C-alpha cells in the first residue's frame, strides 16, 4: 500500500486526483444524460452510445482540420450528430422502439460494431487529436494543475444539463417528449406525433454525445474503438442515478470519475477498469439485498 | 407430457447438413507460376494502424520484386503473391486463420502478423505444420525461448526497445558526475505481451545500474486517460519516465504530460513515430525519446530498393504517408523470403527453411542474420529524440545525427 | 373456533397515502369470508401485506398462530396461505396441464425431486382439478391463449393443486360471464366444504358476497368500518354511506 | 418416428467420420461444437428461464484458466493433466456460479443483463492484472504430445463429445419438473413465488449446470487454441459472450434445437464473411445482428413454430 501512504504524505495529491476525476466525470455525465433520456423516453438501452461519442470526436477532429477552432467545433459537432442521430432513428432505431428492452440492447450492439468498423474504414485507425491551444492553470503554488480544456468540459456538462432541463420544461417539443415518456399511447391519443418525438429524442441524445466526443478529441485522443468505456460508464451512472433526474446523473458521474481516478492511483492502472466493473456489480447486488429486506425487487 | 419435436429434429439437421456442404464447397486454390505467401494482419481492432503498415510493407515488397522480374527458383521465374486475412488484432483469430491459410488455402510460407500476442498464438501452428514463418513485427523475447525452428524475426527483440533510454540516462548521470544508482525511474506499460517484454528489458538494465524503480503501472489496453498514473509521477519526481503502449499510449502520454505540466527531464516511449506525435503535437512532444527499429537516415542498402532513404521515398509515393519502421521491417521479411527461395533453388518448405536459417544479407532495413533461435542479432535498435518537430537519431552513438538534449525543455 | 388468520393493527402507507390504517381482523378457520369496500378502500393492499408482497409499517399478521409479517411471499405460500390476483397471473407460455403440475405443494418437494419427471399421480390430479373447474377440454392449450375468464378458472385450479389451507381470492367473479357466475359460486362452496379450505374473498358484487360469505368485513378509507353477518352488514348505515358516498 | 431416427443416425455417423472426410476443417468444426455448447448453455438461462445473461463467458474463462493452471503447476503427464484440469475447471466454474448465484440471480430483467456484463468484464480485467496467470501477457497451455494432426482429431472428438453430452442432458432436464419450473420463472416469476416455488434454488442450479459445461469447454478451448489471453480468449465478453446470445436468438430461444441450429448458421455465416468480405466482415456482422434481432426476434425455429404450430405439438383448437 505504498500508494496509499503517498496519498497521506501529500494530501495535495488527493486534490489533484479529485479535480482530475471530477473533470473526467463531466464527460461521462454528458454520455449519461443522453442515455437516461433515450432510456426514459423510448425505453431503449443504447449500447452504441460510446460510438456516438466517437463519431462526435471525429466530427470535431475534421472541423479542426478545416481550421475551425475546436471550441466552435463543439456546437458544430453536436449539430452534425443531431442529424446523424435523426437519420439513424429513421433508418434503424424506429424498428426497435417499444419492443423488448433486450432486443434493443442486442440491436444497438450490432450497430455499435458496425459503426466502429465503418469508422475504422472511413477515418483509419490512427489515433487523432484536436489541439485546442488551451493552457494549464496552476493551483496551490503549482502543486496542482488543471488543464483549461477540462474546465471547459465541466462547464459544458453543466450548461448542457441546465439546457436539457429547460428544454424539457419549456419548449413544446420538450413537453411532447415528457408526455411520451409518461405514456406513449396516451400521448398519441392526445395528438402527439410520437415518431417525431422519438426521432427528436434520439437526435438530441446523439447531439449531446457529439458534444462530449468533441471534448474527448480536445482532451484526450480519438480512435474508432474508444466507445465501450463510455457506454458502460453511462449505463452505470444511469442505473445508480435513475432515469428522471438530471442533477443526480451529473452528481453520480462526477463521483464515478473521482472514484475511478483514486482507484487507478491506489491499486495501479491495471485494476482501474476491474474496480469500476466490480463496483457496478457490487452496487447492483447491494441494492438487491437492500430491497429484498423490504420485500421488494430491483426491477 | 409428450413434447413432439420430430419435425424440429428434421428441420435442424437438414439445416446443419446444408450449411456444412455450403461451407466446404467454398475453397479453391490456384497456383501457377506464383509463390503464395500467407499473412494474417490486423486490418481492424486495436493494432489496425500497424496492421496497415505491415500490409503496405508486404505489398510494396511484392510489387517491387515482381517488377524486377520476380524470384528465380532453379532457373524458373516466379511471381510472389500474398493471401491476406484480417485477424482483428486478436490472438485467437490469428491462430485460427494461420491454420486456415496452411491447411485450407495450401499456403506453404507464412509472413508474420503485427504484434507479439498474435505471433505467440500463431507460432505453435506454423511449427506444427513445419511451415516457415518469417515475421518483422513481433518482438517478444519469449517467442525465441520456445525452441521454435520455423519462426524467424528480422527485427530486434522487444526487450531492446527502450534499453537505450536507460543507458542514455546512465550516461547523462555520469556526465553530470553522478552515480547512475541515483537515477529514479517511473514506468507505465500497457498490459500486453509486447509492452511487458519492453518492461523486462528496461528492468534488466535498470537493475544492472542499480537504478530505483518508483512507479511500475500496467495500463489497461482500453485506457482513455492516464491522469492517475501521471499524478503519481508528479508526486515522486522521477528522472526518467518510460511508457510503452502502442500509438494510443504514446499520444496520451505526450498530450497529458503536456497538459498536466509533468516535468521529467527524460521521457521515452515506443511507437511515437507511428503515432506521429511530432507532426500533430510538436509543442508537447519536444524532447521525447522514441524507440525505433529503423530510420530512413541510416546508411543501409540493398539491390531491390537501394538505400533506406530511397525506400522511404518510394513508400511515401506509393502510400502517401511517411514510411514507419513497421512497414520497413515487413518489407524486409518478404526480402528474406526472396533471397531464401533463390538460394534454396526449391520450393520445398524444409529446404527453404534451411536457406532462411543461413541468411546473411544486407537490406535497406539493415543487416539480417539469424541466430539459432531465429531472431536477427545483426541489427541494432535506434533511439530518436523529437527536436524542433522532427525525429533525430540520438542513439546508438554510431548512427547519431545529433546530440541528446537534456534535460528536456518543458513546453510553455 | 381458533383464528386461522389474525391481522392486528396493520398499517401501510405509500408515500403520503395511508392505504391501511390500523386494520384488525380475525379470520376463523373453516368458512367463507368476504372482504368488501368501495374502490380504493385498501382491500388489495391488505391482501398484498398479508402474503408478503410488501413490508408493513406497523402491526402484526399471524397465520395459524405464527407471525408472518416479516416473511417473504414464497415462504408464506409454503405455509399454505395462497392468493389469486385481480389481474390473473398464469404461466402464459405453458399448457394448462403444465401450469397445473408445477403448482403442487412445494413443501413436499426436496432436492431429489428437482430433476424428476412429473409423477403420473400429479398428472391425474391436475386433470381432475381441470375437470372440476371445467377446463378439461382445453388442457393442452397454451394458457396464454385462454380467455380471461378461463384464465381465472385456471388460476383457481392451480391454487387448489397446491393444497392450501387458506385462499385469498381477489375478485374471482370479475370478468366472468354473468351466466357462469352461479357455477363459480357453487364451485367455491365445494372448495370450502369438500377440500376444507378457508376462503377470504374480495368481492364487488354485493349479491354474490351476500350469497356466498358467512361473515363479511367491510373496509373504507383504509379502516375496518364494520364486520358481521351479511344480513347485518347489508343493514348497516355506515356501510351504505361508504358505498353511496364513494359514488 | 422412423424418419427421425434415420436423421439422427445420419447426423451421428457424419459427425464421427467428418474429421476424415474434411481433415482441414477439424479445428473449425471443433469450434462449431463449442459454439453449440455456448448457445445451448446460454439458452438454459436466457431462453428457458428468461434470464438474459451477458456474462456467461465468465465460467468459460474460469474453466480455461483453472485448467491451464492445473496443467502448468500440477506436473502431470499431458492427458491426466488435461483431464484433471478440465475437471477442476468445471468444479471451479460451478463454485463461482453457486457463490455468485444468490446475489446476481436476484436481479431481474436488464439489471441482470448488465450485472452479468459487469461480472464478465471485471473478471477479464482482474485476470489481465494478475501476474500469477501471466497478466496481460496471457498463458500458454502445455503442447500436445501426439504427432502432427493428432491434436486436431483429439480435440475434434473432445468437443464433439462435449456437445453430444450437453444436448441430451439439457433435453432430459427440460423434460421433467426442472424444465417446467424454469419456464414458469420465465413466464411469471412473481406468480411462481406466490405459489411457493423455491425459485432461487432452481435459478442457481440452472446457472451451475450452465457453468459446468462452460467450464469444461473452457479447458478444451484453451488447449485447442494453445494461447490464453485474458480479454480476447478467456473472458471475451464482446465476442463469445455476445455471440452466445445471438446464436440462441437466431435459432429460436426457449427451444432445444434452436440454439444448435443458430450456432451452426451463425458460425458458418461468420466464417464465410471472414473469408469473402475481408476488411468489411465486422460491418457485415453488425448488419447481420441488427437484421436478426429486428426481423427475427423469435428466431428460425420460433418463426417456423408460428408458421406451422401443429407440427411442433401445439394445439390451437380446443378439445380432441
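Letters A, B, C and D mark the chains in the order given here, with residues in each chain numbered from 1 onward.
In this section, a contact is a pair of C-beta atoms (placed from the backbone, for glycine too) under 8 Å apart; a residue touches a chain by one contact, two chains touch by 3 or more.
Bear in mind the structure is a predicted one, so any value in this text is a computation, not a measurement.
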{"item": "Innermost chain, where centres are averages of C-alpha coordinates", "value": "D"}
{"item": "Per Cα centroids, the chain farthest from chain A", "value": "C"}
{"item": "Pair joined by the larger number of C-beta contacts - B-D, A-B", "value": "B-D"}
{"item": "Whole-Å separation of chain centres (CA-atom averages), chain B against chain C", "value": "72"}
{"item": "Centre distance in Å when chain A and chain B are each reduced to the mean of their C-alpha atoms", "value": "35"}
{"item": "Length of the line joining the C-alpha centres of chain A and chain D, rounded to whole Å", "value": "32"}
{"item": "Multi-partner residues of chain B (at least 2 other chains)", "value": "44, 191, 218, 220"}
{"item": "Multi-chain contact residues (two or more partners), chain D", "value": "125, 128-129, 135-136, 175, 279, 282"}
{"item": "Contacts with 2+ other chains: residues of chain A", "value": "117, 228, 268, 270, 273, 292"}
{"item": "Chain B to chain D touching residues, read off their complex", "value": "2-17, 19-20, 22-24, 26-27, 43-44, 84-86, 88, 90-92, 95-97, 99-100, 103-104, 117, 120-121, 124-125, 128-130, 142, 190-193, 195-196, 218, 220-221"}
{"item": "In the complex, chain D residues that touch chain B", "value": "1, 3-4, 7-8, 10-11, 14, 22-25, 27-28, 31, 125, 128-129, 135-138, 140, 143, 148, 151, 174-175, 225-227, 229, 231-233, 236, 239, 255-257, 260-261, 264-265, 268, 271-272, 274-276, 278-279, 281-282, 300-301, 304, 308, 311-313"}
{"item": "List of chain A residues in touch with chain B within their complex", "value": "3, 6, 10, 13, 16-17, 20-21, 24, 117, 120, 124-129, 131, 136, 138, 142, 145, 147, 149, 216, 220-221, 223-226, 228-229, 261-265, 268-270, 272-273"}
{"item": "Touch list for chain D against partner chain C, complex", "value": "172-173, 175-178, 180-181, 183-184, 186-188, 190-199, 201-202, 205, 254, 314-316, 318-320"}
{"item": "Residues of chain B defined as touching chain A within the complex", "value": "44-46, 48-49, 51-52, 188, 191, 217-220, 222-229, 231-232, 234-236, 247-248, 251-252, 255-256, 259-261, 275-276, 280-281"}
